[in-house]
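Paired with chain B in one complex and with chain C in the other, chain A is shared by the two complexes that follow.
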Partner chain A sequence: MSEINLARQATLQQRLEPRVLRVLSWAFTGFLVLYILIPVLITLVMSFNNAAMIRFPITDWSVRWYADFFGSTQWMDALINSIVIALGTTAISTTAGILAAWAFERYQIPFRTFWYMLIMMPLFMPGVVLGLGVAIAFGGVQLGSYSFYGSRELVMIAHSLWAMPLVFMLMEATFRTVDYRVVEASYDLGGRPIGSFFEIVVPMVSTGIISSALFAFVISLNEFVMALFLTDRDTQTLPVLMWLSLRSAGTPRLAVASVILALTVFVCMSVIMLWYARQLRKVAR
Partner chain B sequence: MTLAQTDSSISEATDVPVRASRKPVVPWFLIAPALVIVLVFFGLPTLQMARMSFNLHVDQRLYVPGFTFEHYRTLFTNPLFSKAIWTTVQLALVASFFSVAIGYTFAILAWLKPARWRLLFVGLALCPLLISEIAIIFGWWMFFPKNGLLSQALLSAGLITDKFSLMYTEFAAFVGLVYVTLPYAFFILLSVLDGIDEQILESSADLGAPPLVTFREVLFPLTRTGLLVAFSQSFIWAMGTYATPSALGPDTLWTMGFLIQEQMLGKHNWPLASAFSMLLVIGVAAAMLLTRSLMSKRSAFHV
Partner chain C sequence: MAMDSGLALEVDRVRRCYGAVVAVDNVSLTVRRGEFVTLLGPSGSGKTTTLRLIGGFEEIQSGSIRINGERIDQQPPYNRDTATIFQSGALFPHKTVAENVAYGLRMRKVPKHEIDERVAKVLETVRLRGFEDRYPGQLSGGQKQRVALARSLVVRPAVLLFDEPLSALDLSLRLQLRAEIKRLHDELGFSAIYVTHDQSEAMAMSSRVAVMNRGRIEQIDKPERVFHDPANEFVYNFIGESCCMPLRVTSGITADKQGRAVDIRLGKGLADGDWRVYVRPNRVKIGGSAANSPNTLKAELHFVEFLGDVFRYHLRAGALEIFADHPGRIAKGLGDEVEIGWGSEDMKVFQ
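Take a look at the complex of A and B:
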């Protein structure tokens, strides 16, 4: 009797459970989509608010705050600082990261695990610690009349502490997919290592290079804790200015700044996707 | 960005065909720029910070060279600071727990769904990772207050009669913190799940196990290590993230990161800020070492 009951219960469970789980999985997906998109969409909507205050419901729409943003020298300077610093970070971290990854892939290095951990370590350090360290070590350093502290260059290098290990990691994985018989063949045909690298290897790993460069750019563009410690009024980046003005009072101008940051990132991601699709088509052909 | 990937890459990279070992100088030339960045701008500052944490702080000057354990003693004896340490750890633990729980469910869904869905899920998970923390803070900053979206939406839906504010509460800080750490947990767990053959679930179902039993007996044991790795990674990020909790949480919610900034930029007490940072560095390093030991145990098990 009880066995029959148990069996019935089991089949009931088997029939019911998938259905319950399906409903739950949809509910969870809905919750997740809402959770992730709320702060994004709310900002996008608020940037078109005409009022000077941040409050819902929004009754009056305009692009007034966009005009305000692009008309303000303070905000435009911050945007330019951000872009210059991000470009510098990209140049520094892709150069250093790609070279190191190539060395790790193609050469025997004594104590490689140690060096690997050392290069990766800054990526796991909180920005506030890195920022404080660099500020203490280089805060008072001057070369002639050139002061490191507050300079864009110092922020570029500080941001590279996060960006370079990431490039290194991505490129290490990418170099591992390369078919080195082709490279060997080019050596056999008389190619010099440097020439072969640029003519044979770089085209093969272009997707990896583009992606890691753009990730480096995005990391630097978004970062603001290190920048907060290392910049002054003239070199402050857009996220730093946003942080400082959020502390005093929030206006829809902040929403515009957020949208502009996010749009830049979105463009970078689209470039990666398009490049990737192009390479896939090339391979298919 | 995961330790999981790092670890496997080391073990695989060692047996790569090696050429040109006759020129042992070349690799060092190639690694030099990366090493200079890490040693000069991370190693040196960390050492200086360690030294700085023992310096004296007198007469409101930034620091006075000297040697004292006073700042470390202050960290643990001053109730203000020891409470901040406890708050940070507590907040990070709870936030990592939830971000692993949500990330795990999310990753399982992405893993089970067909490829088209998967791409959407991955895109969704990239959002918190690729959008600036400050923009996310601002987004929640418009959601929680009295005149924010949440209160307004519930009011117009007739669910509440009075406007209310969740802004500057621990709940808001917690929501923001989970948002920041969620993608790390998700991507680590997705990469762990990708290493599992999906047919294993079918076999389990064919043998008569209902989904939940399959989960408990098959999927969970296979992903246990991955869950621990995801937890420790989320914990590292939650410990280091201070802007989100300090902007969304109550004024009394003091985290270690906030106090570092406060001591450095506000109080100009460099030694104390350094002592706090060293504590954070040690905490992060401990969490990383723990992760690595978990990982190596796992790979030993598989080999």
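Take a look at the complex of A and C:
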């Protein structure tokens, strides 16, 4: 009798186990999704609050703070600064990163590993260290009447310290997938090196270029510490202004700024995903 | 400008090493205008490196290369009047068939209307009309190689360089394209160097075949001559199938390497010493008429393979292992003694 019971128990346990596993994996997936989404969603909800302070419960809904944000010269200037600096960072880091990656992939370089580590190093450096370093190095530098310190250009250069290694890393991996025989075929048919690079190589790695450029853009847009160290009242970026105004007053305008930043990042990420999907389909064809 | 010698390509004592490895060792060869020369050899014999030296993708370390009499070995690939058909095709993946084919003409600044004309014509020649707007990813392996061929043909180079263009294709397609390249050569009369490790390809297409081994050309001659009159043991061994019988003759007695006597009778006796006797397995007669051949061997039937069109009889005589191809079954069982024979012209002896 007890034997039969044991057998039954075993089958019950055997039947339960996969279910438990399934429930657990779904539960944790749900937890992760909520964990990621809740701060964003709360910020989004708060940005439609009509009150003067960030506070629950919301009694009155409005887009008042959106109007306020887009009507404020100070906030719009910060947004424009952020975007201009992000675009500049993208231009600097993709140009430098792509060419450096091509050099690493194609040419014999002495002490290759050493240079590789050096290029990748800033990516693992704290923003405070880099920001302080750039601030000290360029703090007093002037070119005629043009002062580096506090300029957007300096922030672009500082942000490129992070963005360039990232572009370099992505593009190095991308270039490794290029069939070099195709480039040889171009030379063979009379194509010159620079022309072939732009006409043959670049289209073959367009996915890598687009995604690394968008990553560079997003990195610069999100960066706060270096920007705090290196900007002044005229060139401060959106994250910097948000931090400064958080210290004075926590109005829902901050939530609006957050939503706008988050939205920009979301759009960039979507473009990367769509582009990848399109390229994958092209390859499969 | 040098006097016109009728030579499209002259490679003179060219050498290329990689570290201690000599990839190409004093190779000299010429291609007359309209000639189709094949570099045939096992992998690692230096044939592809030779081709890449001519195309300009590798640098020579000594010697010279001339195209139409003009020295070009210091020129980059884009200044050399050659066009390569790569093994992988190496088509530009983001360009259409027509754009791929037009590329070389555009680089040569040929006027637009002439490009269109020539592209249309060459696509007609390789039977790819109607494929102009396809991308390489939408083509089959054979079609890709046709595009690669058209892309190189259309610029009318002094020498076309083929780098094992058919080796990635399956057999029937390979045979079909092989015949097509031969037809195009007959029609258009281009000069070409064709690298392959497939001897039937080399035999079928070439005006002359250069057999390469360890960076050197062992023999360069017409296909029939290379086949019937090999310059040395390597060439004989590499071209066509053969069985090797290592023999030792001591005071007139023929034995295997271990000294066991072998019942072999050769039309022309061998002097004392070590010999390697080669026969073509498809020329070896087995059974009834074999005993009448000028050369015979008595051996034990080891096992039989069915190869489709023939049976392959594996035989052993002492330490000798040879095989003979015969279309039918023979009335012998495994372990029985069998007599085989062959004509003197189907045999080569090397010391």
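One rule holds for everything that comes next: the second predicted complex is superposed on the first by the 260 of 285 C-alpha atoms of A that agree within 3 Å, B and C clash if a C-alpha of one lies under 4 Å from a C-alpha of the other, contacts with A are read in each partner's own complex, and residues count from 1 in each chain.
Everything that follows uses one rule, which is that contacts are C-beta pairs under 8 Å (C-beta built on N, C-alpha and C of every residue); 3 or more make two chains touch, one makes a residue touch a chain.
Remember, predicted model here, so these are calculated numbers, not experimental data.
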| item | value |
| --- | --- |
| Chain C versus chain B on the shared chain A, clash or fit after superposition | fit |
| Touching partner for A:A277 - first (chain B), second (chain C), both, neither | neither |
| Touching partner for A:I80 - first (chain B), second (chain C), both, neither | neither |
| Broader residue contact with chain A after superposition on the shared chain, chain B or chain C | B |
| Touched partner set for A:I200, first chain B, second chain C, both or neither | second |
| Partner chain(s) touched by A:A185 [first = chain B, second = chain C, both, neither] | second |
| Vertex chain A; arms to chain B and chain C (CA centroids, nearest 10 degrees) | 100 |
| Partner chain(s) touched by A:L34 [first = chain B, second = chain C, both, neither] | neither |
| Partner chain(s) touched by A:V23 [first = chain B, second = chain C, both, neither] | neither |
| Partner chain(s) touched by A:G127 [first = chain B, second = chain C, both, neither] | first |
| Partner chain in contact with A:V267 - chain B first, chain C second, else both or neither | neither |
| Lowest C-alpha to C-alpha distance for chain C against chain B (Å) | 7 |
| Shared contact residues on chain A - chain B and chain C | 184 |
| Chain A to chain B touching residues, read off their complex | 10, 13-14, 17-18, 21, 25, 28-29, 32-33, 35-40, 42-43, 46, 54-57, 92, 95-97, 99-100, 102-109, 112-113, 115-116, 118-130, 132-138, 157-158, 160-161, 164, 166, 168-169, 172-173, 176, 180, 184, 193, 218, 221-225, 228-229, 239, 242-243, 246-247, 250, 254-255, 257-258, 261-262, 265, 269 |
| Residue ranges of chain B touching chain A (in the complex, touch as defined) | 1, 5-6, 9-10, 12-14, 16-21, 24, 26-28, 30-31, 33-39, 41-46, 48-49, 52, 102, 105-106, 109, 124-128, 130-143, 147-149, 151-153, 156, 179, 182, 208, 210-212, 236, 239-243, 247, 257, 260-261, 264-265, 270, 273-274, 277, 280-281, 284, 288 |
| Partner chain A, residues of chain C touching it in the complex | 55-57, 76-78, 82-84, 86-88, 90-94, 103-104, 107-108, 135, 137-138, 151-152, 155 |
| List of chain A residues in touch with chain C within their complex | 179, 181-182, 184-192, 195, 200, 203-204, 282-283, 285 |
